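Each of the next two complexes has chain A plus one other chain: chain B in the first, chain C in the second.
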Partner chain A sequence: MKRAASRLVYTLIVLFVSSVAVFYAIRLSGGDATAAALPGSATEEYREAFRDRLGLNEPIYQQYFTYMGRILSGDPGNSLTNNKALTSMLSEHGRNSLVLGGTAFGLVFLVGIPLGIVASLRRNSWADQGIMSMSTVAMAVPNFWLALLAVWLFASRLGWLPSAGCCSTKQLILPAVVLAFEGIALTVRMTRSSMIESQNSDYVRTLRAGGLSEWRITCKHVLRNALIPIISLAGLRIGQIVGYALIVETIFGWPGLGQVLVNAVLRRDYPVAQFFSLVLVTIVVMGNWVADTGYTIANPRLRKST
Partner chain B sequence: MTGLENSRSSHAKAWDERVAAYEEEVRSNPWRKRLREFSRNKLLFTGSVLGILIVGLGLVGPLFLGSNYAGQSLRNTHLPPLTEGYFLGTDQYGRDLLVRLCIGIRVSLFVAAAVTSIALVVGMALGMCGGFLGGYVDRVVRSVTDFVWGFPLILVAVLLAGGLGQGLLPVILAVGIVNVAAITRVVRGEVVVLRTKEFVEAARACGVSNFRIMWRHLLPNVMAPALVLASYYVAVAIIAEAGLSFIGLGAQPPLPSLGKMVADGRGFLRLNHWESTVPGIGIAGLVLSVSLIGDGLRDVFDPQLRHEAKGVEKG
Partner chain C sequence: MSAVETKSELGEAASSLKGMPLLEIEDLRISISSEGSSFEVVKGVSLTVCENEVVCLVGESGCGKSMTALSVMGLLPRGVARVTEGKIDYEGRDLLSLQSRELRRLRADSISMIFQDPITSLDPVFTIGSVLKEVVRSHRDVSRAEAKEIAVRALVEAELPDAADHLDSYPHQLSGGMRQRVMIALAIALDPRILIADEPTTALDVTVQAQILENLRARQREREMGMLLITHDLAVVASVADRVAVMYAGEIVEEAPVEELFANPQHPYTQGLIRALPDISVSRGSLHSIPGRVPSPQTPPPGCLFAPRCDHVLDSCWEANPELQRDGAQSLRCFNPQPFEVR
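Presenting the complex of A and B:
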């Protein structure tokens, strides 16, 4: 309990520090914010008035507190390029990201765990070797290249699936699989090694000696113990998926949070960049916290030490 | 007593002679020993051959081909490979793909070298200070690395690109920062164990300064694991640079980067897929060779690191 509480405090500090870092990094960027919003012919007085209106002339720490206050009161401002409210952008693009990220997250475990189990039960067979070498390759291939190969094969050559767009089920398949690919490979490896570790442990030997069928041992005992670390560390996959979503959403033109953030950075639309960075950073930090808590619950030994 | 001593010294003598003969052989031909050890490790060997081919192409290629990577020729666009004058064909602006590939490899290597030097120097310094000095310093080092470690690399890079503008600098910094955290963690872990060893106590008892203990006694011991880990992160750096350039945040045109070239060729997959596949094969080859070298180094230096290194994530 003490550990969980101290981790929560730590997580809140991390959130605060990263919000300050994000704020400073983007607000102090070399570019002129007025360049994105105003036409090149705008006069210097007009630019000055624009900066005044956005509060860009106040001291930076004051800007930070004003900004965080506005976010917490639910009004983070508007985009500089199309003047959309950031909250409506968040709900619109957030939903898309949730669909894509959620599907990828599900795929990671629904595909990764069974494959890992098969590999561990048929250790050193052709199935095991095939699955393991596939996962090695999957971890070495950059996901944007994988995306391109998938588009080339399934969209250009075979014409089975659309190459980009949103938001039908058919359009979801390619980006979700690409996004999940490395996570699947990692989950397969973790599941396999965790299963093998449980299979070799003393209690399994005892159960075998007691005459339990191999099937029963695997289903009731090995599986349960082996899957604990994998499920409890699931939060870590969230961060990974958020990171890759930035690339995969851009490639497949999936209008999610990642694509919005990348476009905002490319166009120097700083309110959007700032707000969506904060959103993604918060998701990642919370994912790490969930993983940490899950791991503590699953490992009673950790509860004692801080 | 004397008999024992005699037999011992004769053994020792025989041993000395063998060592001397071996040293003589090595001295007369120092490459033979290295080559023998090197070629015995298949991973290291394959990875290095592949690496030398690609790096050689990047470094030597422009000497013969010229480095006119931005020269456009709108008459010769989308030429397939093996067209006269263009060994690998041309892209949408009629730029020579082979020249661009060479320069792109140079960019990848530059980013990887910059990132790895930052990560090694800063990571080892931080890790050794944290692990050896302990206390307050250690707590700061640990919380900073834990903080950085939790973030996906791509997100850090996009945030930095938001602050610094697009280009290679934010990519190098982002990958560098994340790699520093990785190396710091491993080095710190090693040093915490080494700190209690006798040779450190002995040095301390002799009045050797903290700095000198770290520099002369700890550094050689943490070098191997740090180098092995760094070789993994070279691959991570190359992939990250390519991915960020792919979405437009890395190298800016007309400077070619392998990732940017893949992105440029995307629209013409049906017309001339080589514009994307050539740089794609370049990235895959570089990453493969670096990973093989990393695996080989790990086997040579530290078999125990196998488990840990496999858990390294690219994101």
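Presenting the complex of A and C:
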């Protein structure tokens, strides 16, 4: 528990630092906030008054504290382009992203771990070689290309699945699989090598000497030990999925956080870009914290020691 | 085959002293294959372990003693080492030709093994109680409560302090010595007939070594188990062995009852090992060592494997490898044995 608490403090520090980084990065990215909100014919005085109203002429650290204060009080402001409240955008698009990201995250482990186990148990068989070659390909293929390929094959040629849209199960399949693809490949490889390492360990030899069946040793002892490093890296998978969501949601027209963020950046809608960047950073950082806690639970060596 | 004849004679002689022969290894050969090439690491080893007898298999690292022990349990590293020839007889059954399921039933139940490194030999994510109970219940049809009772009894016999309190401990919460006691408990929980201990004290503190050895010896005596103790440490041999087999480069070069081996070692290698024991009565005396090094198993020398390091080498030593000859209670593989002079 102590470890979890100290990790939480550490996580909060990371959150603070990254919020500052996001805030400054957006300020320093150049461009003019008024370009998004005001018509091109607006006069310079009018623009200046608008900046004043938004507080853009204050020193940047002061803007930061004002801004964070508003976020923490639950009012991050409105979009510059359509004046929608950011909180309602978050709940609407956040839900969509959660469905897509959660499905992809589940696929990473539900598909990756069993395939890795099969590969490790049938080492050097055709199944192993097939799975490993597939995973190499899956890691090498950029996912925007994979997304286009999937649309072309399953939507255009075969007509099995819709090419874009939200939010039916059929529409979910292609983006979720594309989003999970690289994570699955990495999980397969990690599971395989981790299983093999565990199988060759001294404690497995002890269990064999104890007369336990191979099946029991594999399912209970080898697997449990092999999963520890996979759980510990689950946080990285969250980061990966969040990062790829920007691309995948845009390609598949899935109205999630990633798509909102990409559009906001393109339209110079600063409040939206800033707020949703912060949201994604928070998800990644908190995801890592949760994975770390899970790692502690799975690994008795990290629990309270006597 | 002369090796086989020697073996059965020896078995008879030993059985008159000790109990019945329990484990008879006959002309065992083990090969290791790596990167396409394969070479023999155990070259026709024959060894008998009787009831209520401690046999020590002595030799330096890489001489094949651990491979010999692992082959009895069917635990040779897969895809790396395999038995190419020989028989390992236990109660009239050849362990090498058993189905894996039958061999599994014998493990821990009839033949147990303790390993060298207690730090890595216990599953880190399960409590020692759960593993002990799991082993017990995989062999005996007992309730959870009964399995727990057997587990506690085994830990008590292995002299783990506060045994019952440690059922819920994870291995990392125990010291190396305590973990080795857990390994002993795992090995003796089901009252096996044979206990194989592969360097059981090598990884431990000197102070703990003696306790562990005493404990092993006590359990062996009261259960009249046959024990095969693998070690490179002659001090260990002197304190627990009944009979000693000295291994060099995959072969047994000398075998004798322990008193005789120390009083009158015949093989130049055994003599060198005994001379190499530091003598604490002689302060700052120079340490003795055997010149040269163990021949590589890939390119063994012609003739006697020890010839390149031997002080008393004859021409014939370079031409043929001597057979293991039996003389009384001792066996010897040497053309030119010399009387032993202490330093």
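One rule holds for everything that comes next: the second predicted complex is superposed on the first by the 279 of 306 C-alpha atoms of A that agree within 3 Å, B and C clash if a C-alpha of one lies under 4 Å from a C-alpha of the other, contacts with A are read in each partner's own complex, and residues count from 1 in each chain.
Basically, a contact is a pair of C-beta atoms (placed from the backbone, for glycine too) under 8 Å apart; a residue touches a chain by one contact, two chains touch by 3 or more.
Remember, it's a predicted structure, so these values are computed and weren't measured experimentally.
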item: Touching partner for A:R122 - first (chain B), second (chain C), both, neither; value: neither
item: Partner chain(s) touched by A:K84 [first = chain B, second = chain C, both, neither]; value: neither
item: Chain B versus chain C, judged by how many residues of chain A each one touches; value: B
item: Chain B versus chain C as contact partner of A:D202, first or second or both or neither; value: second
item: Touching partner for A:R216 - first (chain B), second (chain C), both, neither; value: second
item: Shared contact residues on chain A - chain B and chain C; value: none
item: For the chain A and chain C complex, residues of the former touching the latter; value: 200-214, 216, 221, 224-225, 228, 298-301, 305-306
item: Residue ranges of chain C in contact with chain A within the complex; value: 73, 75, 77, 100, 104-109, 112-113, 115, 117, 120-126, 131, 134-135, 138-139, 169-170, 172-173, 183, 186-187
item: Complex interface listing, chain A residues touching chain B; value: 10, 14, 17-18, 21-22, 24-26, 28-31, 139-145, 148, 151-152, 156, 182, 186, 189, 239-240, 242-244, 246-247, 250-251, 261-262, 264-266, 270, 273-274, 277, 280-281, 284-285, 288
item: Chain A-facing residues of chain B, complex; value: 143, 147, 150-155, 158-166, 235, 239, 242-243, 246-249, 259, 262-263, 266, 269-270, 273, 276, 280, 283-284, 287-288, 291, 310, 313-315
